[in-house]
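Each of the two complexes below includes subunit A, the first together with subunit B, the second together with subunit C.
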Partner chain A sequence: MSMFNAISTAHSGLNVYRTWLDATSDNIANANTVTSTDEEAFQARRILAAAVPGNGAGVGGGARVTGVEFSSPEGRLAYQPDHPLADEDGMVRTPDIDMSVEMTSLLMAQRGYQANLAVVERARDAYRAALQLGRS
Partner chain B sequence: MVYDVTTASLHAALRGLSARRGVQAQNIANVDTANYLAQRVDFESALGSALDDVNRGSASAASVARTSPQTTTSLDPTRLNGNNVNLDDEFLAQEQTELAYSTVIEAMSAKFRLMRTAIKGQ
Partner chain C sequence: MAINGVSGVGGFSRPAPVQRPSLTEPGTAGTNGTGKAAGGGFADQISDALASVQQSQEVADGLAQQAATGDLSDIHDYMIASTQAQLATDLTVAVRNKALESFQSIMQMQV
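Now for the complex of A and B:
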(Lines of atoms letter the chains of each structure in order from A and count residues from 1; the text may use other names and numbers.)
(Lines give C-alpha, C1' and ligand atoms only; values in the text may rest on other atoms or scores of the structure.)
Protein backbone atom coordinates (compact mmCIF):
# COMPACT_ATOMS: atom_id res chain seq x y z
CA MET A 1 0.00 0.00 0.00
CA SER A 2 1.62 3.12 -1.08
CA MET A 3 -1.25 5.37 -0.11
CA PHE A 4 -0.11 5.80 3.49
CA ASN A 5 3.68 5.95 3.25
CA ALA A 6 4.36 7.12 6.79
CA ILE A 7 2.46 4.16 8.19
CA SER A 8 4.26 1.65 5.95
CA THR A 9 7.63 3.15 6.91
CA ALA A 10 6.84 2.97 10.63
CA HIS A 11 5.64 -0.60 10.04
CA SER A 12 9.06 -1.59 8.71
CA GLY A 13 10.67 -0.01 11.77
CA LEU A 14 8.29 -1.91 14.04
CA ASN A 15 9.34 -5.16 12.39
CA VAL A 16 13.03 -4.42 12.93
CA TYR A 17 12.57 -3.53 16.59
CA ARG A 18 10.33 -6.52 17.20
CA THR A 19 12.95 -8.84 15.72
CA TRP A 20 15.54 -7.17 17.96
CA LEU A 21 13.25 -7.65 20.99
CA ASP A 22 12.76 -11.32 20.06
CA ALA A 23 16.50 -11.89 19.67
CA THR A 24 17.29 -10.11 22.94
CA SER A 25 14.71 -12.10 24.85
CA ASP A 26 16.21 -15.30 23.43
CA ASN A 27 19.69 -14.19 24.47
CA ILE A 28 18.49 -13.42 28.01
CA ALA A 29 16.62 -16.70 28.21
CA ASN A 30 19.83 -18.54 27.35
CA ALA A 31 22.18 -16.44 29.45
CA ASN A 32 22.76 -19.38 31.79
CA THR A 33 22.59 -22.19 29.26
CA VAL A 34 25.60 -24.33 30.14
CA THR A 35 27.21 -26.76 27.70
CA SER A 36 30.05 -29.21 28.14
CA THR A 37 33.51 -28.13 27.02
CA ASP A 38 33.52 -30.37 23.92
CA GLU A 39 30.38 -28.63 22.58
CA GLU A 40 29.87 -25.08 21.32
CA ALA A 41 28.42 -22.54 23.72
CA PHE A 42 25.05 -20.91 23.04
CA GLN A 43 25.68 -18.02 20.64
CA ALA A 44 23.95 -14.73 21.34
CA ARG A 45 22.20 -13.24 18.32
CA ARG A 46 22.78 -9.67 17.17
CA ILE A 47 20.32 -8.29 14.62
CA LEU A 48 21.69 -6.43 11.61
CA ALA A 49 19.44 -3.80 10.04
CA ALA A 50 19.74 -1.68 6.90
CA ALA A 51 17.82 1.16 5.32
CA VAL A 52 15.32 0.39 2.56
CA PRO A 53 15.85 2.59 -0.51
CA GLY A 54 12.99 4.97 -1.21
CA ASN A 55 10.74 5.19 -4.23
CA GLY A 56 12.45 8.09 -5.96
CA ALA A 57 10.76 10.93 -4.08
CA GLY A 58 13.90 11.45 -2.00
CA VAL A 59 12.37 9.78 1.03
CA GLY A 60 13.60 6.43 2.30
CA GLY A 61 11.39 3.39 2.58
CA GLY A 62 12.11 2.46 6.19
CA ALA A 63 14.33 -0.26 7.60
CA ARG A 64 14.64 -4.00 7.31
CA VAL A 65 16.48 -6.82 9.01
CA THR A 66 19.32 -8.00 6.78
CA GLY A 67 20.75 -10.75 8.92
CA VAL A 68 21.99 -12.01 12.23
CA GLU A 69 25.45 -11.98 13.71
CA PHE A 70 26.40 -14.60 16.31
CA SER A 71 28.67 -14.16 19.31
CA SER A 72 31.65 -16.48 19.72
CA PRO A 73 30.92 -20.21 19.97
CA GLU A 74 33.78 -20.51 22.44
CA GLY A 75 31.83 -18.72 25.14
CA ARG A 76 33.42 -18.51 28.55
CA LEU A 77 34.88 -21.39 30.50
CA ALA A 78 33.72 -21.64 34.09
CA TYR A 79 34.85 -23.87 36.93
CA GLN A 80 31.81 -25.81 38.19
CA PRO A 81 33.10 -29.20 39.32
CA ASP A 82 29.73 -30.49 40.60
CA HIS A 83 27.90 -29.62 37.36
CA PRO A 84 26.73 -32.81 35.57
CA LEU A 85 28.27 -31.55 32.29
CA ALA A 86 31.66 -30.69 33.82
CA ASP A 87 34.74 -32.32 32.23
CA GLU A 88 37.50 -34.01 34.24
CA ASP A 89 39.02 -30.60 35.11
CA GLY A 90 35.64 -29.42 36.44
CA MET A 91 35.13 -26.93 33.59
CA VAL A 92 31.89 -26.13 31.70
CA ARG A 93 31.18 -23.72 28.85
CA THR A 94 28.83 -20.77 29.46
CA PRO A 95 27.65 -18.42 26.69
CA ASP A 96 29.44 -15.15 26.07
CA ILE A 97 26.46 -13.03 27.12
CA ASP A 98 26.81 -9.79 29.05
CA MET A 99 23.58 -9.07 30.93
CA SER A 100 24.22 -5.32 31.05
CA VAL A 101 24.51 -5.29 27.24
CA GLU A 102 21.36 -7.38 26.84
CA MET A 103 19.30 -5.24 29.23
CA THR A 104 20.44 -2.07 27.43
CA SER A 105 19.49 -3.62 24.08
CA LEU A 106 16.12 -4.56 25.55
CA LEU A 107 15.49 -0.94 26.60
CA MET A 108 16.61 0.43 23.24
CA ALA A 109 14.49 -2.04 21.31
CA GLN A 110 11.46 -1.27 23.47
CA ARG A 111 11.89 2.49 23.08
CA GLY A 112 12.40 2.13 19.34
CA TYR A 113 9.23 0.06 19.06
CA GLN A 114 7.27 2.66 21.04
CA ALA A 115 8.67 5.47 18.90
CA ASN A 116 7.52 3.76 15.71
CA LEU A 117 4.07 3.18 17.21
CA ALA A 118 3.93 6.90 18.03
CA VAL A 119 4.73 7.65 14.39
CA VAL A 120 1.82 5.43 13.32
CA GLU A 121 -0.53 7.32 15.64
CA ARG A 122 0.63 10.74 14.48
CA ALA A 123 0.42 9.74 10.82
CA ARG A 124 -3.09 8.39 11.34
CA ASP A 125 -4.17 11.64 13.00
CA ALA A 126 -2.64 13.61 10.15
CA TYR A 127 -4.46 11.56 7.49
CA ARG A 128 -7.72 11.87 9.45
CA ALA A 129 -7.25 15.63 9.57
CA ALA A 130 -6.70 15.64 5.80
CA LEU A 131 -10.04 13.90 5.39
CA GLN A 132 -11.71 16.85 7.11
CA LEU A 133 -10.52 19.21 4.34
CA GLY A 134 -13.35 20.70 2.41
CA ARG A 135 -15.88 20.06 5.14
CA SER A 136 -17.24 23.13 6.74
CA MET B 1 -26.23 7.97 -15.25
CA VAL B 2 -26.33 7.61 -11.47
CA TYR B 3 -24.23 4.44 -11.47
CA ASP B 4 -21.27 5.67 -13.48
CA VAL B 5 -17.63 4.51 -13.43
CA THR B 6 -16.80 6.71 -10.41
CA THR B 7 -19.59 5.28 -8.28
CA ALA B 8 -18.92 1.74 -9.50
CA SER B 9 -15.21 1.88 -8.69
CA LEU B 10 -15.79 3.46 -5.27
CA HIS B 11 -18.38 0.78 -4.60
CA ALA B 12 -15.93 -1.98 -5.62
CA ALA B 13 -13.26 -0.43 -3.39
CA LEU B 14 -15.68 -0.37 -0.44
CA ARG B 15 -16.54 -4.01 -1.02
CA GLY B 16 -12.87 -4.96 -1.19
CA LEU B 17 -11.99 -2.95 1.91
CA SER B 18 -14.76 -4.46 3.98
CA ALA B 19 -13.76 -7.96 2.84
CA ARG B 20 -10.21 -7.09 3.92
CA ARG B 21 -11.49 -5.87 7.27
CA GLY B 22 -13.29 -9.17 7.85
CA VAL B 23 -10.20 -11.18 6.95
CA GLN B 24 -8.05 -9.08 9.27
CA ALA B 25 -10.45 -9.70 12.15
CA GLN B 26 -10.32 -13.41 11.36
CA ASN B 27 -6.51 -13.38 11.29
CA ILE B 28 -6.35 -11.63 14.67
CA ALA B 29 -8.89 -14.05 16.13
CA ASN B 30 -6.71 -16.97 14.97
CA VAL B 31 -3.40 -15.56 16.19
CA ASP B 32 -2.75 -18.68 18.28
CA THR B 33 -4.59 -21.31 16.23
CA ALA B 34 -2.19 -24.09 15.28
CA ASN B 35 -1.53 -24.42 11.51
CA TYR B 36 -3.63 -21.33 10.66
CA LEU B 37 -2.20 -19.32 7.76
CA ALA B 38 -2.96 -15.61 7.54
CA GLN B 39 -5.29 -14.57 4.71
CA ARG B 40 -4.84 -11.52 2.50
CA VAL B 41 -7.41 -9.71 0.37
CA ASP B 42 -6.51 -8.12 -2.94
CA PHE B 43 -9.08 -6.06 -4.82
CA GLU B 44 -6.73 -3.38 -6.19
CA SER B 45 -5.35 -5.43 -9.09
CA ALA B 46 -8.77 -6.55 -10.38
CA LEU B 47 -10.18 -3.03 -9.96
CA GLY B 48 -7.10 -1.49 -11.57
CA SER B 49 -7.27 -3.68 -14.69
CA ALA B 50 -11.04 -3.12 -15.00
CA LEU B 51 -10.44 0.65 -14.86
CA ASP B 52 -7.68 0.31 -17.49
CA ASP B 53 -10.21 -1.44 -19.75
CA VAL B 54 -12.64 1.42 -19.19
CA ASN B 55 -9.94 3.93 -20.10
CA ARG B 56 -9.26 2.02 -23.33
CA GLY B 57 -12.99 2.08 -24.04
CA SER B 58 -13.41 -1.70 -23.97
CA ALA B 59 -15.49 -1.90 -20.80
CA SER B 60 -18.22 -0.04 -18.98
CA ALA B 61 -19.18 0.77 -15.40
CA ALA B 62 -20.93 -2.59 -15.10
CA SER B 63 -17.68 -4.52 -15.57
CA VAL B 64 -16.02 -2.37 -12.90
CA ALA B 65 -18.90 -3.19 -10.54
CA ARG B 66 -18.49 -6.91 -11.28
CA THR B 67 -14.88 -7.10 -10.00
CA SER B 68 -14.61 -9.10 -6.82
CA PRO B 69 -11.91 -9.20 -4.13
CA GLN B 70 -9.51 -12.17 -4.19
CA THR B 71 -8.47 -13.86 -0.97
CA THR B 72 -5.01 -15.44 -0.91
CA THR B 73 -2.99 -17.21 1.75
CA SER B 74 0.03 -15.45 3.18
CA LEU B 75 3.40 -17.08 2.42
CA ASP B 76 5.12 -15.57 5.47
CA PRO B 77 7.28 -17.98 7.48
CA THR B 78 5.37 -19.88 10.15
CA ARG B 79 6.13 -20.18 13.83
CA LEU B 80 6.64 -23.50 15.61
CA ASN B 81 2.88 -24.16 15.77
CA GLY B 82 2.49 -23.70 12.02
CA ASN B 83 0.81 -20.30 12.39
CA ASN B 84 2.06 -17.21 10.54
CA VAL B 85 -0.23 -14.43 11.79
CA ASN B 86 1.78 -11.40 12.87
CA LEU B 87 -0.15 -9.12 15.22
CA ASP B 88 1.82 -5.96 14.32
CA ASP B 89 1.14 -6.54 10.65
CA GLU B 90 -2.55 -7.12 11.26
CA PHE B 91 -3.07 -4.07 13.49
CA LEU B 92 -1.21 -1.77 11.11
CA ALA B 93 -3.07 -3.19 8.14
CA GLN B 94 -6.33 -2.57 10.05
CA GLU B 95 -5.26 1.03 10.57
CA GLN B 96 -4.54 1.47 6.85
CA THR B 97 -7.76 -0.25 5.84
CA GLU B 98 -9.76 2.02 8.11
CA LEU B 99 -8.08 5.13 6.68
CA ALA B 100 -8.65 3.94 3.13
CA TYR B 101 -12.28 3.17 3.97
CA SER B 102 -12.84 6.68 5.34
CA THR B 103 -11.16 8.14 2.26
CA VAL B 104 -13.42 6.21 -0.10
CA ILE B 105 -16.52 7.11 1.94
CA GLU B 106 -15.46 10.75 1.75
CA ALA B 107 -15.06 10.52 -2.04
CA MET B 108 -18.47 8.89 -2.35
CA SER B 109 -20.14 11.61 -0.27
CA ALA B 110 -18.48 14.24 -2.47
CA LYS B 111 -19.83 12.51 -5.57
CA PHE B 112 -23.36 12.36 -4.10
CA ARG B 113 -23.12 16.02 -3.03
CA LEU B 114 -22.35 16.92 -6.64
CA MET B 115 -25.36 14.92 -7.86
CA ARG B 116 -27.62 16.54 -5.30
CA THR B 117 -26.49 19.95 -6.47
CA ALA B 118 -27.24 18.94 -10.06
CA ILE B 119 -30.71 17.63 -9.11
CA LYS B 120 -31.62 20.74 -7.16
CA GLY B 121 -30.17 22.97 -9.83
CA GLN B 122 -28.64 25.54 -7.51
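Now for the complex of A and C:
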Protein backbone atom coordinates (compact mmCIF):
# COMPACT_ATOMS: atom_id res chain seq x y z
CA MET A 1 0.00 0.00 0.00
CA SER A 2 2.42 2.52 1.06
CA MET A 3 5.90 2.81 2.42
CA PHE A 4 4.74 3.48 5.99
CA ASN A 5 2.45 0.52 6.43
CA ALA A 6 2.19 0.66 10.21
CA ILE A 7 1.03 4.25 10.06
CA SER A 8 -1.54 3.53 7.35
CA THR A 9 -2.86 0.55 9.32
CA ALA A 10 -3.19 2.61 12.48
CA HIS A 11 -4.91 5.28 10.41
CA SER A 12 -7.60 2.80 9.39
CA GLY A 13 -8.03 1.84 13.05
CA LEU A 14 -8.35 5.48 13.99
CA ASN A 15 -11.14 5.88 11.44
CA VAL A 16 -13.02 2.91 12.88
CA TYR A 17 -12.72 4.09 16.48
CA ARG A 18 -13.66 7.64 15.55
CA THR A 19 -16.81 6.33 13.88
CA TRP A 20 -17.53 4.28 16.98
CA LEU A 21 -17.02 7.34 19.19
CA ASP A 22 -19.40 9.32 16.98
CA ALA A 23 -22.03 6.60 17.09
CA THR A 24 -21.74 6.26 20.87
CA SER A 25 -22.03 9.99 21.39
CA ASP A 26 -25.12 9.97 19.18
CA ASN A 27 -26.62 7.16 21.24
CA ILE A 28 -25.91 8.97 24.51
CA ALA A 29 -27.28 12.22 23.13
CA ASN A 30 -30.53 10.47 22.27
CA ALA A 31 -30.77 8.34 25.39
CA ASN A 32 -33.74 10.34 26.59
CA THR A 33 -35.35 11.09 23.26
CA VAL A 34 -39.00 10.31 23.76
CA THR A 35 -41.37 9.54 20.90
CA SER A 36 -45.07 8.89 20.83
CA THR A 37 -46.28 5.30 20.79
CA ASP A 38 -47.36 5.41 17.13
CA GLU A 39 -43.82 6.38 16.05
CA GLU A 40 -40.61 4.39 16.09
CA ALA A 41 -38.28 4.91 19.01
CA PHE A 42 -34.78 6.23 18.46
CA GLN A 43 -32.62 3.33 17.33
CA ALA A 44 -29.18 3.03 18.88
CA ARG A 45 -26.35 2.78 16.36
CA ARG A 46 -23.94 -0.12 16.50
CA ILE A 47 -20.85 0.06 14.30
CA LEU A 48 -19.79 -3.03 12.40
CA ALA A 49 -16.10 -3.35 11.60
CA ALA A 50 -14.16 -5.83 9.50
CA ALA A 51 -10.53 -6.55 8.82
CA VAL A 52 -8.98 -5.25 5.61
CA PRO A 53 -7.04 -7.91 3.70
CA GLY A 54 -3.40 -7.07 3.45
CA ASN A 55 -1.10 -6.95 0.47
CA GLY A 56 1.19 -9.93 0.76
CA ALA A 57 3.63 -10.73 3.57
CA GLY A 58 0.74 -12.19 5.54
CA VAL A 59 0.03 -8.92 7.31
CA GLY A 60 -3.43 -7.42 7.20
CA GLY A 61 -4.21 -3.91 6.11
CA GLY A 62 -6.08 -2.68 9.16
CA ALA A 63 -9.77 -2.32 9.81
CA ARG A 64 -12.71 -0.61 8.21
CA VAL A 65 -16.29 0.18 9.04
CA THR A 66 -18.57 -2.10 7.06
CA GLY A 67 -21.90 -0.79 8.23
CA VAL A 68 -24.18 0.34 10.96
CA GLU A 69 -26.65 -1.83 12.80
CA PHE A 70 -29.72 -0.33 14.45
CA SER A 71 -31.29 -1.50 17.65
CA SER A 72 -35.00 -2.34 17.76
CA PRO A 73 -37.45 0.43 16.83
CA GLU A 74 -39.79 -0.90 19.51
CA GLY A 75 -37.91 0.84 22.27
CA ARG A 76 -39.33 0.69 25.74
CA LEU A 77 -42.81 1.80 26.68
CA ALA A 78 -42.92 4.12 29.66
CA TYR A 79 -45.81 5.52 31.59
CA GLN A 80 -45.54 9.32 31.52
CA PRO A 81 -49.09 10.68 31.47
CA ASP A 82 -48.01 14.32 31.73
CA HIS A 83 -45.70 14.10 28.71
CA PRO A 84 -46.96 16.07 25.69
CA LEU A 85 -46.42 13.03 23.44
CA ALA A 86 -48.24 10.58 25.71
CA ASP A 87 -51.16 8.67 24.20
CA GLU A 88 -54.56 8.24 25.83
CA ASP A 89 -53.16 5.54 28.13
CA GLY A 90 -50.36 7.87 29.23
CA MET A 91 -47.66 5.81 27.48
CA VAL A 92 -44.64 7.10 25.53
CA ARG A 93 -41.87 5.29 23.71
CA THR A 94 -38.30 5.68 24.97
CA PRO A 95 -35.24 4.31 23.15
CA ASP A 96 -33.83 0.95 24.17
CA ILE A 97 -30.50 2.38 25.28
CA ASP A 98 -28.63 1.10 28.29
CA MET A 99 -26.45 3.91 29.58
CA SER A 100 -23.97 1.55 31.23
CA VAL A 101 -23.45 -0.20 27.89
CA GLU A 102 -22.98 3.11 26.13
CA MET A 103 -20.48 4.37 28.69
CA THR A 104 -18.52 1.13 28.39
CA SER A 105 -18.54 1.50 24.60
CA LEU A 106 -17.36 5.07 25.02
CA LEU A 107 -14.44 3.93 27.16
CA MET A 108 -13.51 1.17 24.71
CA ALA A 109 -13.72 3.48 21.72
CA GLN A 110 -11.65 6.14 23.43
CA ARG A 111 -8.98 3.71 24.56
CA GLY A 112 -8.91 2.09 21.14
CA TYR A 113 -8.43 5.46 19.51
CA GLN A 114 -5.61 6.28 21.91
CA ALA A 115 -4.00 2.90 21.31
CA ASN A 116 -3.94 3.52 17.57
CA LEU A 117 -2.44 6.96 18.16
CA ALA A 118 0.25 5.27 20.25
CA VAL A 119 0.93 2.93 17.31
CA VAL A 120 1.35 5.94 15.01
CA GLU A 121 3.78 7.52 17.44
CA ARG A 122 5.83 4.35 17.90
CA ALA A 123 5.92 3.70 14.16
CA ARG A 124 7.04 7.26 13.50
CA ASP A 125 9.78 6.97 16.13
CA ALA A 126 10.89 3.66 14.64
CA TYR A 127 11.05 5.09 11.12
CA ARG A 128 12.96 8.12 12.43
CA ALA A 129 15.41 5.83 14.21
CA ALA A 130 15.88 3.90 10.97
CA LEU A 131 16.69 7.16 9.20
CA GLN A 132 19.39 7.83 11.77
CA LEU A 133 21.08 4.58 10.80
CA GLY A 134 24.59 5.12 9.56
CA ARG A 135 24.53 8.81 10.24
CA SER A 136 27.74 9.90 11.87
CA MET B 1 -10.62 7.98 1.63
CA ALA B 2 -7.61 9.72 3.10
CA ILE B 3 -5.87 6.40 3.20
CA ASN B 4 -6.03 6.26 -0.57
CA GLY B 5 -4.79 9.81 -0.91
CA VAL B 6 -1.92 9.27 1.40
CA SER B 7 -0.94 6.03 -0.29
CA GLY B 8 0.46 8.16 -3.10
CA VAL B 9 3.60 7.88 -1.05
CA GLY B 10 3.71 4.31 -2.32
CA GLY B 11 5.15 5.54 -5.58
CA PHE B 12 8.30 6.16 -3.68
CA SER B 13 8.84 2.50 -3.01
CA ARG B 14 9.90 2.03 -6.60
CA PRO B 15 13.54 3.01 -6.08
CA ALA B 16 13.88 0.18 -3.57
CA PRO B 17 15.55 -2.26 -6.01
CA VAL B 18 19.04 -0.88 -6.09
CA GLN B 19 20.11 -0.06 -9.63
CA ARG B 20 23.25 -2.07 -9.45
CA PRO B 21 23.61 -2.67 -13.20
CA SER B 22 24.41 0.98 -13.80
CA LEU B 23 27.24 0.82 -11.29
CA THR B 24 28.78 -2.40 -12.53
CA GLU B 25 30.02 -3.01 -16.02
CA PRO B 26 27.27 -3.51 -18.55
CA GLY B 27 28.75 -6.81 -19.62
CA THR B 28 28.25 -8.40 -16.21
CA ALA B 29 24.56 -7.55 -16.11
CA GLY B 30 23.62 -10.67 -17.98
CA THR B 31 20.59 -11.37 -15.80
CA ASN B 32 18.95 -8.15 -16.82
CA GLY B 33 19.76 -8.35 -20.49
CA THR B 34 19.17 -4.66 -21.06
CA GLY B 35 22.20 -3.48 -19.11
CA LYS B 36 21.89 0.05 -17.74
CA ALA B 37 18.93 1.11 -19.84
CA ALA B 38 16.49 -0.20 -17.23
CA GLY B 39 15.99 2.56 -14.66
CA GLY B 40 17.35 5.70 -16.20
CA GLY B 41 19.78 6.20 -13.36
CA PHE B 42 19.89 7.84 -10.01
CA ALA B 43 18.72 11.26 -11.18
CA ASP B 44 15.43 9.84 -12.45
CA GLN B 45 14.94 7.90 -9.25
CA ILE B 46 15.52 10.97 -7.14
CA SER B 47 13.14 13.03 -9.23
CA ASP B 48 10.53 10.25 -9.02
CA ALA B 49 10.99 10.19 -5.27
CA LEU B 50 10.72 13.95 -5.06
CA ALA B 51 7.53 13.85 -7.11
CA SER B 52 5.91 11.41 -4.71
CA VAL B 53 7.18 13.37 -1.71
CA GLN B 54 5.60 16.45 -3.23
CA GLN B 55 2.38 14.51 -3.73
CA SER B 56 2.27 13.47 -0.08
CA GLN B 57 2.98 17.04 0.95
CA GLU B 58 0.15 18.26 -1.25
CA VAL B 59 -2.17 15.84 0.54
CA ALA B 60 -1.00 17.23 3.89
CA ASP B 61 -1.35 20.79 2.60
CA GLY B 62 -4.90 20.17 1.44
CA LEU B 63 -5.81 18.76 4.84
CA ALA B 64 -4.11 21.69 6.60
CA GLN B 65 -6.21 24.03 4.51
CA GLN B 66 -9.32 22.09 5.50
CA ALA B 67 -8.28 22.41 9.14
CA ALA B 68 -7.92 26.17 8.73
CA THR B 69 -11.30 26.57 7.06
CA GLY B 70 -13.03 24.24 9.50
CA ASP B 71 -13.82 21.58 6.90
CA LEU B 72 -11.55 18.96 8.40
CA SER B 73 -13.66 16.06 9.66
CA ASP B 74 -10.86 14.02 11.19
CA ILE B 75 -7.99 15.57 13.09
CA HIS B 76 -5.93 12.42 12.78
CA ASP B 77 -6.20 12.56 8.98
CA TYR B 78 -4.10 15.69 8.92
CA MET B 79 -1.68 14.59 11.62
CA ILE B 80 -1.00 11.30 9.85
CA ALA B 81 -0.68 12.90 6.42
CA SER B 82 1.78 15.45 7.76
CA THR B 83 3.74 12.75 9.60
CA GLN B 84 3.97 10.68 6.44
CA ALA B 85 4.98 13.68 4.36
CA GLN B 86 7.65 14.55 6.90
CA LEU B 87 8.99 10.99 7.00
CA ALA B 88 9.05 10.77 3.21
CA THR B 89 10.92 14.05 3.00
CA ASP B 90 13.40 12.93 5.66
CA LEU B 91 13.98 9.68 3.80
CA THR B 92 14.54 11.44 0.47
CA VAL B 93 16.96 13.86 2.08
CA ALA B 94 18.80 10.97 3.74
CA VAL B 95 19.11 9.14 0.42
CA ARG B 96 20.31 12.28 -1.29
CA ASN B 97 22.86 12.97 1.45
CA LYS B 98 24.17 9.43 1.26
CA ALA B 99 24.49 9.63 -2.50
CA LEU B 100 26.28 12.95 -2.30
CA GLU B 101 28.60 11.54 0.34
CA SER B 102 29.49 8.61 -1.92
CA PHE B 103 30.01 10.94 -4.86
CA GLN B 104 32.34 13.14 -2.85
CA SER B 105 34.31 10.13 -1.61
CA ILE B 106 34.79 9.05 -5.20
CA MET B 107 35.77 12.53 -6.32
CA GLN B 108 38.39 12.76 -3.56
CA MET B 109 39.87 9.44 -4.56
CA GLN B 110 43.60 9.70 -5.37
CA VAL B 111 44.47 8.18 -8.70
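We take it that the second predicted complex is superposed on the first by the 135 of 136 C-alpha atoms of A that agree within 3 Å, B and C clash if a C-alpha of one lies under 4 Å from a C-alpha of the other, contacts with A are read in each partner's own complex, and residues count from 1 in each chain.
In the analysis below, a contact is a pair of C-beta atoms (placed from the backbone, for glycine too) under 8 Å apart; a residue touches a chain by one contact, two chains touch by 3 or more.
In this text, all values refer to a predicted model and were calculated from it rather than measured experimentally.
Colleague: After the subunit A overlay, clash or fit between subunit B and subunit C?
Modeller: Verdict on subunit A: clash between subunit B and subunit C.
Colleague: Which touches a greater number of subunit A residues, subunit B or subunit C?
Modeller: C
Colleague: Now for A:I7: first (subunit B), second (subunit C), both, or neither, which partner does it touch?
Modeller: It touches subunit B and subunit C both.
Colleague: Is A:S100 contacted by the first partner subunit B, the second partner subunit C, both or neither?
Modeller: After superposition on chain A, A:S100 lies in contact with neither partner.
Colleague: Please write out, lowest number first, the residues of subunit A touched by both subunit B and subunit C across the two complexes.
Modeller: 1, 3-4, 7-8, 10-11, 14-15, 18, 120, 124, 127-128, 131, 134
Colleague: Any idea which subunit C residues touch subunit A in the complex?
Modeller: Residue list for subunit C touching subunit A: 2-3, 6-10, 12-13, 74, 76-77, 79-80, 83-84, 87-88, 90-91, 94, 98.
Colleague: Under the definition above, what is the set of subunit A residues touching subunit C in their complex?
Modeller: Against subunit C, the touching part of subunit A is residues 1-4, 7-8, 10-12, 14-15, 18, 117, 120, 124, 127-128, 131, 134-135.
Colleague: Quick one: which bits of subunit B touch subunit A in the complex? Just the residue numbers, please.
Modeller: On the subunit B side, the touching residues are 88-89, 92, 95-96, 99-100, 102-103, 106, 110.
Colleague: Which of the residues in subunit A come into contact with subunit B in the complex?
Modeller: So the residues of subunit A touching subunit B come out as 1, 3-4, 7-8, 10-11, 14-15, 18, 120, 124, 127-128, 131, 134.
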